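Chains: A, B, C, D and E, in written order; residue numbering restarts at 1 for each.
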Amino acid sequence: MQPDATEANTEATLSVRGLKKVYQTDGGDVEAVRNLTFDLRAGELACLVGPSGSGKTTLLKCISGLMAPTEGEVLLDGKRVTGPPKKMAVVFQEYGRSLFPWMRVRDNVELPLKNQGVPKGERDRLVDDALEAVGLSHVPRSYPWQLSGGMQQRVAIARAIAYQPEVLLMDEPFAAVDAQTRADLEDLIRVVWKKLGVTVLFVTHDIDESVYLGERVIILSSSPTVIQEDIQIDLPADRDQLNTRSLPRFTELRHHVYEQIQLAKKGHRPAAATSGGAGTE
Amino acid sequence: MQPDATEANTEATLSVRGLKKVYQTDGGDVEAVRNLTFDLRAGELACLVGPSGSGKTTLLKCISGLMAPTEGEVLLDGKRVTGPPKKMAVVFQEYGRSLFPWMRVRDNVELPLKNQGVPKGERDRLVDDALEAVGLSHVPRSYPWQLSGGMQQRVAIARAIAYQPEVLLMDEPFAAVDAQTRADLEDLIRVVWKKLGVTVLFVTHDIDESVYLGERVIILSSSPTVIQEDIQIDLPADRDQLNTRSLPRFTELRHHVYEQIQLAKKGHRPAAATSGGAGTE
Amino acid sequence: ACGSGSPSSTGGGTAPATGGGEEGLTKVSVGVIPIVDCAPIYLGDKQGFFKEEGLELDIQTATGGAAIVPGVVSGSFDFAFSNLISVMVAKDKGLDLKFVANGASTTGEEGKDIGGVVVPAGSDIQSAKDLAGKTVSVNNLSNIGDTTIKSVIEKDGGDPSGVKFVEVAFPDAPAALANKQVDAAWILEPFLSKAVDEGGTVVSSNFVEMSPELDIAGYFTKGDTISGKADLTEKFTRAMNKSLEYAQEHPDEVREIVGTYTKIDEATRAKMILPRYRVEFDEGAFKTLGDAAAKYGTLSTAPSADDLLP
Amino acid sequence: MSPGTLAAGGAAPPVERQRRKAGKGASKQLLGILGIIGFLGTWELIPRLGLIDERFLPPASEVIAALVVDFGLTAFWVAVGETMKAWFLGLLMAVAAAVLLGFIIGSSDFLRKATNSTIEFLRPIPSVALIPLAVLLFGVKIESSLLLIVYASFWQVLIQVLYGVADVDMVANNTAKTYGLGRLARIRYVVFPTALPYLMTGVRLAAAVALVLAITAELVIGSPGLGREIALAQSGGAISGMYALVLATGLIGVLINMLMRQIEKRILGWHSSIRSEVIV
Amino acid sequence: MRTARNIGYILGLPVLLVLVWWLSTLGSVNFFVPKPADLVETFGEVWFGERFFSDVLPSLGRLVVGVAAAILIGVVGGVLIGSVRWLRALLEPTLEFFRAIPPPVLVPVLMLLMGITDSMKVMVIISGCVWPVLLNTIEGVRAVDPVLSDSAHTYGISGWARVRYLVLPSASPQIMAGVRQSLSLGLILMVISEMFASSSGLGFTIVQFQRSFAIPEMWSGIVVLGLLGVAMSFIFQWAERNILRWYHGQKEVENAA
């Protein structure tokens, strides 16, 4: 695997190397993430699944430079991440608290663009498109706290999309929306991904979703976390909700992921990871 | 339908009658809920599904007496609800904000019991059981903000269960937990429901979940909201994740609900509701 | 110690009251301001004049004038020390107050008084009348400083209405003068000596110029006390008078005792000019002062000496 | 700003943080001492360079020397004791009254509206205007100072408590309501913790105001304490002595604040303003 | 109907208190406590006329300038100190030191530095009013929601934009609490600034009345202070409602029950 990793490194947009994160609390240290190493190629769409509390949010915070890892490092285009990189957008799990309550929906979506100095005309177009895409073009003048949970979450998604990032991190972005909207948004993400060639890391709890959406699914073990498995999703590039989901291969992959998570939950750890993390044990 | 409703009323624990809710905003009035009428019998377990923004949270807030309806009323055991009733527990959609950040996990779960004057021994048992049931017995001394999203949500659930309410309202309580935990929690809810004979109203976006969990599924139209359909779930009372979900009847029901939501999203409204709400159109 | 057997001593046979047991003493609280003018009461207390009268003094210091009159009116103080104008004003406003003993008087020597108007070196102000149109600092407006200065200016042939008075506390006045924030400053001892040492010139000894016999401050109480506790009042007056005389005769002891209740350093204490301490009020000077205060609007009507003086 | 922001609010690597943990408190205090040294240095230079006459503003070193002399005097410590006694009692009464009234008024919409105009009327009345009243009631004793201290610091706390009570998170409050927590229980478990950060700021403000008023009252009325000593030094022309006492007042202020910070850290560990120092 | 109720809220308690005061002064004759009727009469005589222009207006001018400057300094300083940790550590003890110095002691020093001028009095006002704004801003800045802060961070919102769009709005409820405190403190300090080294002004006049035992006049001056306080507070509350529209909206909506 070693030569593979170094080779991947050269063309990788995002490299996570030996990442470890220990939280210090008054009740002692909590080892949330033990040892994570993986790469994302430019323009790759990867889904991240794992049991609750396995460190997905922690990982995303480290990648986005909001939190420094205890050990290991995150490289973006070969450069070490020490603070939030430019052209990276993050949709937080706590969507309700990630919107500015003192700004209307439209202003919330527009702010990052305005801050970047995008000219008014283009800004308007981007914002309108994004709101349209998430089905919220009718509430631009509402405040976030006047919206339902699902709508708030969609505002956060619209903001990320309008920003046209090169790397997009999403932490359970569809948790609060209904099944139909969810399906629509899944397709939206794939469309945006294809159109902009953006690198996406997508955290989800929905196994079907991870298989349907991703080109690759990374499964985390339970905490202290290592990578349980890293699966390539060999489904056709053009996916649609009805046909893709009824493919036998889809069901197979889905089953495979399910089993791995079951294992992870039961505390089973991959042999490689155990030996890899032996030094820390 | 009229005689049926009055009859139901006598044995109903929870009656929602002609409920309407209009929000006043600086951008004009928003008619979130137009006209909702339904009853829950004591000990019934009903699921509520509907598109994002259809007013599920609004409905739950009205039922729990946290918000006054614009028109119509909510009756609990025949008495009109004007403030939060005793022996009702609510798990809010905004789980992150419903926990007290200044209390540790255990204290959060214990508080309502302490406040009720439940003796220490029993309180401890109830709290321990609840934390055990949601898989959080290892973090009683953490603060909520030291937990992952899914863990926070489970603390809120544990608090509701430990409280041993007579009526339990849950607003997308499993949105932030992984598939396996979700399945476990679904079974937990059914166990608790059977053991305590509690009346449950359960909001979810997951159609499979609504069918698997509920004795009945209430489908809401999109906003301004009326009831799209009210389906009895005639699956066996003893359910289990593997067998129940593979029953042909399960698939049928699932499909039916799915179609209805599709219709709702497309703006289709049930004939009865349209005529019922004709005066307001 | 040479004057211990002063003529005004009425102690007679009861002189050794010290041995008479502390219990027999009547407690009397007196509000004073911690300045040189109040030295006699401290001295008299030390000499035992009050004990001889059967009084046990409780001297309470109030830093400014603000607390003195309310303290007497409320009964917190049985007697208190205040300048004449303050008591005149209170009386004018309807408070029933009356002096029971003199406090401090001008030395009567021009250029060697306890207060004066100082100008910086090189000022074109030569005498009181030149103050017209200038800015002059006093410690409190509508009080004894501006009243006497106005009257002195008028006497000197100037126009008192053109003077602009501002409030500057005595300790801050030399600085205000040095920084040219005021043209002249009215200053009392011990700051007056300091200001002169530092090059200031006294252009008017306003107290003396108004009247060489001017009494400046005294001890007063309310009418109720005089009528209701005549005995106590008499005792206090007697002891106080004795103290005044003693102080007048023992300036060195005055300089020394001032060090116990103020923070004036020894060198300054040795040099500063002391006021005159005497028993009798000068009614003529009192009238001059009262008339001036009425004339310049500080009082509504000129006070009568009979009502106010003992 | 970017590097500065990072260092301040951003991602201090925990490894470093761990190492710094022991050193952090020390280095923080070191910086504070540095700030004070800078201030004293400036003060020393102003009269030395002749910007202000030494007679009116003596250099810091001279004042510190005078303060050191004071430290050896029992009279000084007696005065400090008097001032601290007035400060503590006044603050205690003000906080107790303000917290009680603040929670009562704050948790009722009616009371809040009905008392608004009266509160706004009474608040800006300077304590110093109450001096005649205070002396009338209590003479030049400590009670006079207490009246002024309590009056001035009461409003500081009351207003903060009212704001804090208004800031209660409704999701949290509603949760409590549905779990059957009554009004009192909600005040105890929801409103109080929410208002606590506001209250602590209020107490910190009030602690300073109480000290200021204790000194002012002693200064103007002449009740015993540091303020009276300042007035005495001032009227005695002891300039260095006066500044030494002012310096002592300031030092007491610093000590009081350190104490308040410590208490705050104890009871507000969960609040994000404190938390952010630990985590972010 | 609604305005009637509002007026009731504004006047109800004051009327009640005046009634109590009136009843309690019916028989007694305390020199230091005037009767309501006397006070009203004195009030008109004293404050309607020349004194309004010669004493009240100049004082108000200094008050407005002082408070405005204090707010500006407090907010700017608070944002800086609140967001730069080492700066906070550097300055906190020194600031605490100055905060503990009573304004009456500051007056002579400021007089030395600035002379007996209006700017000296304004400085006294600033020196006292700045603290509530400064401290509240520091606390408000430090309490920014971490999730929100992360969001801004990842969208590259930093520097001035971060202050403008994140820090200031999020701290604004607390800043407003500080401003409200400093308004009334400003009135108090206005009086203190005119108590020493002065010859005119509202505060001076009140102190002068106090010293010359013009007791009803003194109380009438205190009433003027109170009324000014009420007026300033109402203007402030109106401004606050506009600036914090989102905040009150959010609370109101959540409070709809």
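Keep this in mind: contacts are C-beta pairs under 8 Å (C-beta built on N, C-alpha and C of every residue); 3 or more make two chains touch, one makes a residue touch a chain.
Here's who's who by UniProt: A, B = ABC transporter; D, E = Nitrate ABC transporter permease.
All figures in this text were calculated on a predicted structure; none of them were measured in a lab.
**Student:** Which chains touch each other through the most C-beta pairs?
**Tutor:** By number of C-beta pairs in contact, the leading chain pair is D-E.
**Student:** Let me spell it out: compute each chain's centre from its C-alpha atoms, then which one is farthest from chain A's centre?
**Tutor:** Farthest chain from chain A, going by C-alpha centroids: C.
**Student:** On Cα atoms, by how many degrees is chain A rotated relative to chain B, nearest 5?
**Tutor:** Fitting chain A to chain B on C-alpha positions yields an angle of 180 degrees.
**Student:** Can you name the chain that lies farthest from chain B, using the mean of each chain's Cα atoms as its centre?
**Tutor:** Here the answer is chain C, farthest from chain B.
**Student:** How many Å are there between the centre of chain A and the centre of chain C, using C-alpha atoms for each centre?
**Tutor:** That gives a centre separation of 85 Å.
**Student:** With centres defined as the mean C-alpha position, give me the chain A-chain E separation in Å.
**Tutor:** 49
**Student:** From the mean C-alpha coordinate of chain A to that of chain B, what's the distance rounded to whole Å?
**Tutor:** 29
**Student:** Indicate the whole-number Å distance between the mean C-alpha point of chain C and the mean C-alpha point of chain E.
**Tutor:** Whole-Å distance between the two chain centres: 39.
**Student:** Pull out every residue in chain A that's touching 2 or more other chains.
**Tutor:** If we look for residues of chain A contacting two or more partner chains, we find 65-66, 83, 94, 97, 146.
**Student:** Two-or-more-chain contact residues of chain D, please, as numbers and ranges.
**Tutor:** Within chain D, residues 2, 10, 56, 131-133, 136, 171, 174, 219-220, 234, 271, 275 contact more than one other chain.
**Student:** Indicate the residues of chain C shared as contacts by at least two other chains.
**Tutor:** 66, 70, 73, 169, 171, 175
**Student:** Would you mind writing out the residues of chain E in touch with chain D in their complex?
**Tutor:** Touch residues, chain E against chain D: 9-14, 17, 32, 83-86, 89-94, 96-105, 108-109, 112-113, 131-132, 135-136, 139, 142-146, 149, 153, 158-159, 162, 173-174, 177, 180-181, 183-188, 191-192, 195, 203, 206, 210, 215, 218, 221-222, 225-230, 232-234, 251, 254-255, 257.
**Student:** Across the complex, what residues on chain D touch chain C?
**Tutor:** Its residues touching chain C are 53, 55-56, 131-133, 135-141, 144, 218-222, 228, 231-239, 241.
**Student:** Touching chain A in the complex: which residues of chain E?
**Tutor:** Against chain A, the touching part of chain E is residues 145, 147-148, 150-151, 153-157, 161, 165-166, 169-170, 172, 246-247, 249-250, 253-254.
**Student:** Which residues of chain A touch chain B in their complex?
**Tutor:** 23, 25, 27, 30, 49-53, 55-58, 93-94, 96-97, 141-142, 146-151, 154, 171-172, 175-182, 205-207, 258, 261-262, 265
**Student:** Chain D touches which residues of chain B in the complex?
**Tutor:** 61, 64-66, 83-84, 86-90, 92, 94, 97-103, 111-112, 115-116, 143, 145, 159, 163
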